[in-house]
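Quick one: structure below, then a few questions.
Going by the order they are written in, the chains are A, B, C, D, E and F; count residues from 1 in each one.
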Amino acid sequence: MDLSFALSNFLSPPILFFFLGLLAVLVRSDLEIPQPIPKFLSLYLMLAIGFKGGVELGQSTPGGQVLLTLGAAIVMAAVVPVYCFFILRRRLNVYNAAAIAATYGSVSAVTFVTATAFLDQSGIPYGGYMVAAMALMESPAIVVAVILARLALSKPGPDGTAPTLETGWSHLLRDAFFNSSVFLILGSLLVGVITGDRGQTALHPFTNALFQGMLCFFLLDMGIVAARRLKNLRTSGGFLLGFAILIPLFNALLGIGLSRLLGLGTGDALLLTTLCASASYIAVPAAMRLALPEANPGLSLPLALAVTFPLNITLGLPLYLALIQRFGS
Amino acid sequence: MDLSFALSNFLSPPILFFFLGLLAVLVRSDLEIPQPIPKFLSLYLMLAIGFKGGVELGQSTPGGQVLLTLGAAIVMAAVVPVYCFFILRRRLNVYNAAAIAATYGSVSAVTFVTATAFLDQSGIPYGGYMVAAMALMESPAIVVAVILARLALSKPGPDGTAPTLETGWSHLLRDAFFNSSVFLILGSLLVGVITGDRGQTALHPFTNALFQGMLCFFLLDMGIVAARRLKNLRTSGGFLLGFAILIPLFNALLGIGLSRLLGLGTGDALLLTTLCASASYIAVPAAMRLALPEANPGLSLPLALAVTFPLNITLGLPLYLALIQRFGS
Amino acid sequence: MDLSFALSNFLSPPILFFFLGLLAVLVRSDLEIPQPIPKFLSLYLMLAIGFKGGVELGQSTPGGQVLLTLGAAIVMAAVVPVYCFFILRRRLNVYNAAAIAATYGSVSAVTFVTATAFLDQSGIPYGGYMVAAMALMESPAIVVAVILARLALSKPGPDGTAPTLETGWSHLLRDAFFNSSVFLILGSLLVGVITGDRGQTALHPFTNALFQGMLCFFLLDMGIVAARRLKNLRTSGGFLLGFAILIPLFNALLGIGLSRLLGLGTGDALLLTTLCASASYIAVPAAMRLALPEANPGLSLPLALAVTFPLNITLGLPLYLALIQRFGS
Amino acid sequence: MQAVKRVEIVTDTLQLDRVLELLDKAGVSGYTVIRNAEGKGHRGVRSGDDVTRVFQNSYILTACTEEQLEKVVAAVRPVLKRVGGMCLVSDALWVLH
Amino acid sequence: MQAVKRVEIVTDTLQLDRVLELLDKAGVSGYTVIRNAEGKGHRGVRSGDDVTRVFQNSYILTACTEEQLEKVVAAVRPVLKRVGGMCLVSDALWVLH
Amino acid sequence: MQAVKRVEIVTDTLQLDRVLELLDKAGVSGYTVIRNAEGKGHRGVRSGDDVTRVFQNSYILTACTEEQLEKVVAAVRPVLKRVGGMCLVSDALWVLH
């Protein structure tokens, strides 16, 4: 790994504020950012990243490669939960295996946003369509994981019971494809595409100039939340901890390979890789809580939030970039 | 109507985000902007519009025409509820007729703000004193409507009862003239007048550069809220629906005529017209809930919020502008 | 006092918005800024002031004088509560005397922030290390006041009882030194020092351009809150009112003398003086509520919030500046 | 522990100040208020996530003596009649301290 | 005043809509909801200050008749069994207005 | 359904962690907390819309057995005595699930 890249990432304001949040909990400071401020910051980040991506997308002439990349991204998001599910089934019941598989098959918008800030700082360009890729990768894992759970439950388990899933498909699909994060990102992207340069001029101070500051503020909160969840990890055991560290790395390698196959540029490759490596800790846990309430969110959330997320934004980004630059296109 | 104007309004970021909010509810997304974020955004918009208007006002030399316009605006705000009341009495009881009359006599600050954004985009100038006109038009309708209700109730109704109004006049006048919206707009206007250029330099990035972005965010929420109220319209019936569509248009025509009489420029005429056409869905419903609790806010709010507001900001603005440019000064 | 300075301070947007908040309560407007918006604004101000100070500090070469100033600041923060305690003991019980002494020994971050805005407007430079001085002056008074209370309570009081303090020292020290305000200011300062110019470029629109606007918004709320607490003052009596007016002035004089001894420049001297004169109304009341729950926050808070704070930001700042310019270095 | 009457009132937040004033006049020793309550009743659904505040409820809990209860109920009933809301009375023991 | 059953339910906010639908079907005349409740129970600590909403509770209060009570309990029990939560029943008097 | 004691505590939010710790030690099976409660009592009006948190109350509800009740009351009473607050005890039925 190129050390200067790693260091410049570590010493960037967003990452430092994330560490500051972690530290606040470790020294038991009473620092906290009360709701709904973090919710506001995350809505802002999604609106801004969507809009910026849309403006950029509207200015480029998307060729076949863009469609291919979007398709590949969706396929990745549908395949990852399958092997995750079978790995997790070795130790966990159907519900928890499906919930965690969905978490790691889906993506984290904040990890993506941090990756774009990392690229901006490093002066590496990326395509606006990657924002669409992110939004499209959020939902498939939810549907795949529920299908897997349903199949597994249809044959009676070791305890002889075969509980049915209560929530109907229409509910599930709506929760998966119209959840607030997917909806706001794709919607803002559309506004960006439609309004183009004129929209950009009007919104630039809001969506661009403020972006880094709002991200710092939000990552300060993420640090606090992640540190609070750290203590839940004690109950997870070595198997899940190993899963939360190794699966993202494995998924990242798949992402790098895929990027190479698709012939993506460095920036786009890093974003796709980061998406593959990231795990959802907002949309998916909520959707799973509705579709599979028997699953324990106390298992999946600490892994995604307190292990995989910090790993990706601190070590992951420079590591993936170094690998892409060495082995990439 | 000049189609290019209509289209450029439809395709501006604020209006598109309003539609995005509507759509979120239609597809039953769980997107929502939790309180008090929308409250914060609306306080911001009032502070910013007030301050900007004040700075502008401080730099101009307000002549007699300004005072005349302010006076005419107040008269309009006092006259509109009178005929609205008698129209509404044909179908509604005294309480509901008075509450809806007050709603349509008063104004909507967000409609005004959207109109200024529309003018900015179209490159049409307008005077800072119009912000004062808006603030002064908020309260009279409340007082007039309560007087009308009191008069109507003093003669026994068809059911023989003559209930008295509970809240005293001092309460009512305070609620009308010092309500938070009037107070914040006029207060910020005063700060703008006093601090002038120096204030402007200090606050420009906050009150001006962010303005369009904050407006988009707020209109996204307004879209969600308006769509949620849409289903309440079923109980309103055709009479009230017609009222909510036709009265704003009629009031707009009065506004256009008045602007012509006063010899206002295009920008100021559009703002006055929009004020006449707009209906209050924040200050007035709250004041009516206190003064006339027998009125059902479930009737007045959906009309103002889910019919008149969308109508004004989407079709109304370009239509009024086209009419002003054809028949105006 | 130089009248033009006083006037230019009075007529600056932040102070005018503070008065607007006061006025809102006086005319009984329903204007309010609901929590957690004010909390968000105060977190923003601390993050921004810390970060800006850190960037500035990282660019200068801190000499021995800086360390001397920081040391002197800490000593002041530890000495002030001692004589305050003994003055207050003449009329109050141990608990209330200790709580108010801690309040006036500690500092108010918002007063400091308003002082920096005042200096910026007046074009007077100041050092980033003063932000560190502020953070370091928050905690000592808490510890000193609790020690004083403990000593006073160890000898039986007039009522023969000698209640013990419940909360342990480790809790107390943590509440004192890692409270959110100290932690966030010093943490952001560190981020500023580490990221320097690159961080500054990324965050400038957020931490600098927005600063005045966010301060105005926050002071609007402070005006409302201060005015609400004004009515609590009736129970305070003349002694406490006199204390809340005279002690800050006395502390300011000590601060001016100290600044002269240390040979500080005008800007740094004003900031140190303002810190000495200011009283904490956020961190200290909460810490005292935990350490000395017998103390009545209804006594200390109105004094700090509704008397000393307005006094310092309106008359204090220009007065202290005039004195420093006449008698200072 | 001392027997008290536990009175719960739900009504419009906009009417909160007036109801609390009535409780004070009825001589209760205190009350607890939770704002931002939502609900459904004869006037339909009232939920709080609104730009306006007219659909927001508040929940009030007051523990009072049997004698105060009558005054409280007499004071609150007309308000509930006029603006809507609910009032429940139950028995409880107050832990003296 | 009229004797009613006072039913308190605490469960996941994400399940709130479903529970309220069940109450409606059971025929209750109304209910009051307080969101943002935190708590602890068999599933451990659930506190609300989170980016995700999966650890947030809501508190529901409904006053109903004895007959409705059975329906309410029958409707709510399976949900609580599946997703967790608590349900308490007590006696109260409804102040008529 | 099983008979339980319904304990309601209102006290300073700043003291919340300590009170919950005491409840845990008293062995209760769970509790529900609503922050941002306001109120009035012997120490005057306490309302939450403040920059500081010293005037904010929290509301705690715990359902416990008769035996636990004694421990809970014994544990909570000194805190209420020192920092202020209220504690009510009433009867309820716990819906088993």
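Quick notes
Criterion: a contact is a pair of C-beta atoms (placed from the backbone, for glycine too) under 8 Å apart; a residue touches a chain by one contact, two chains touch by 3 or more.
All of these numbers come straight from a predicted model, not from anything done at the bench.
Between the contact lists of chain D and chain F, the overlap consists of E. Steps from chain B to chain C, minimised over paths through touching chains, total 1. Each chain's centre was taken as the mean of its CA atoms, and the one lying most distant from chain C is E. Work out the mean CA point of chain A and of chain D, and you get 45 Å between them. Between the CA-based centres of chain B and chain E the separation comes to 39 Å, rounded to the whole angstrom.
Centroids of chain D and chain E (each the mean of its C-alpha atoms) stand 19 Å apart.
In chain E, the residues that touch at least two other chains are 34, 36, 90-91.
Among the residues of chain A, those touching two or more other chains are numbered 32, 34-36, 39, 205, 209-210. Applying the touch definition to every pair of chains gives A-B, A-C, A-E, B-C, B-D, C-F, D-E, D-F, E-F.
Across the interface of their complex, chain E is touched by residues 32, 34-35, 38-39, 42, 166, 221-222, 225, 281-282, 285-286, 289-290, 293-294, 296-298, 301, 305 of chain A. Within the complex, the chain C residues that touch chain B are 11-13, 16-17, 20, 23-24, 27-37, 121, 205, 209-210, 212-214, 216-217, 220. Within the complex, the chain D residues that touch chain F are 1, 4, 6, 20, 24, 29-36, 61, 63, 90-95, 97. On the chain F side of its complex with chain D, the touching residues are 8, 10, 34, 36-42, 47, 57, 59, 73, 76-78, 80-81, 85-91. Against chain A, in their complex, chain E makes its touches with residues 12, 14-15, 43-44, 48-55, 82-84.
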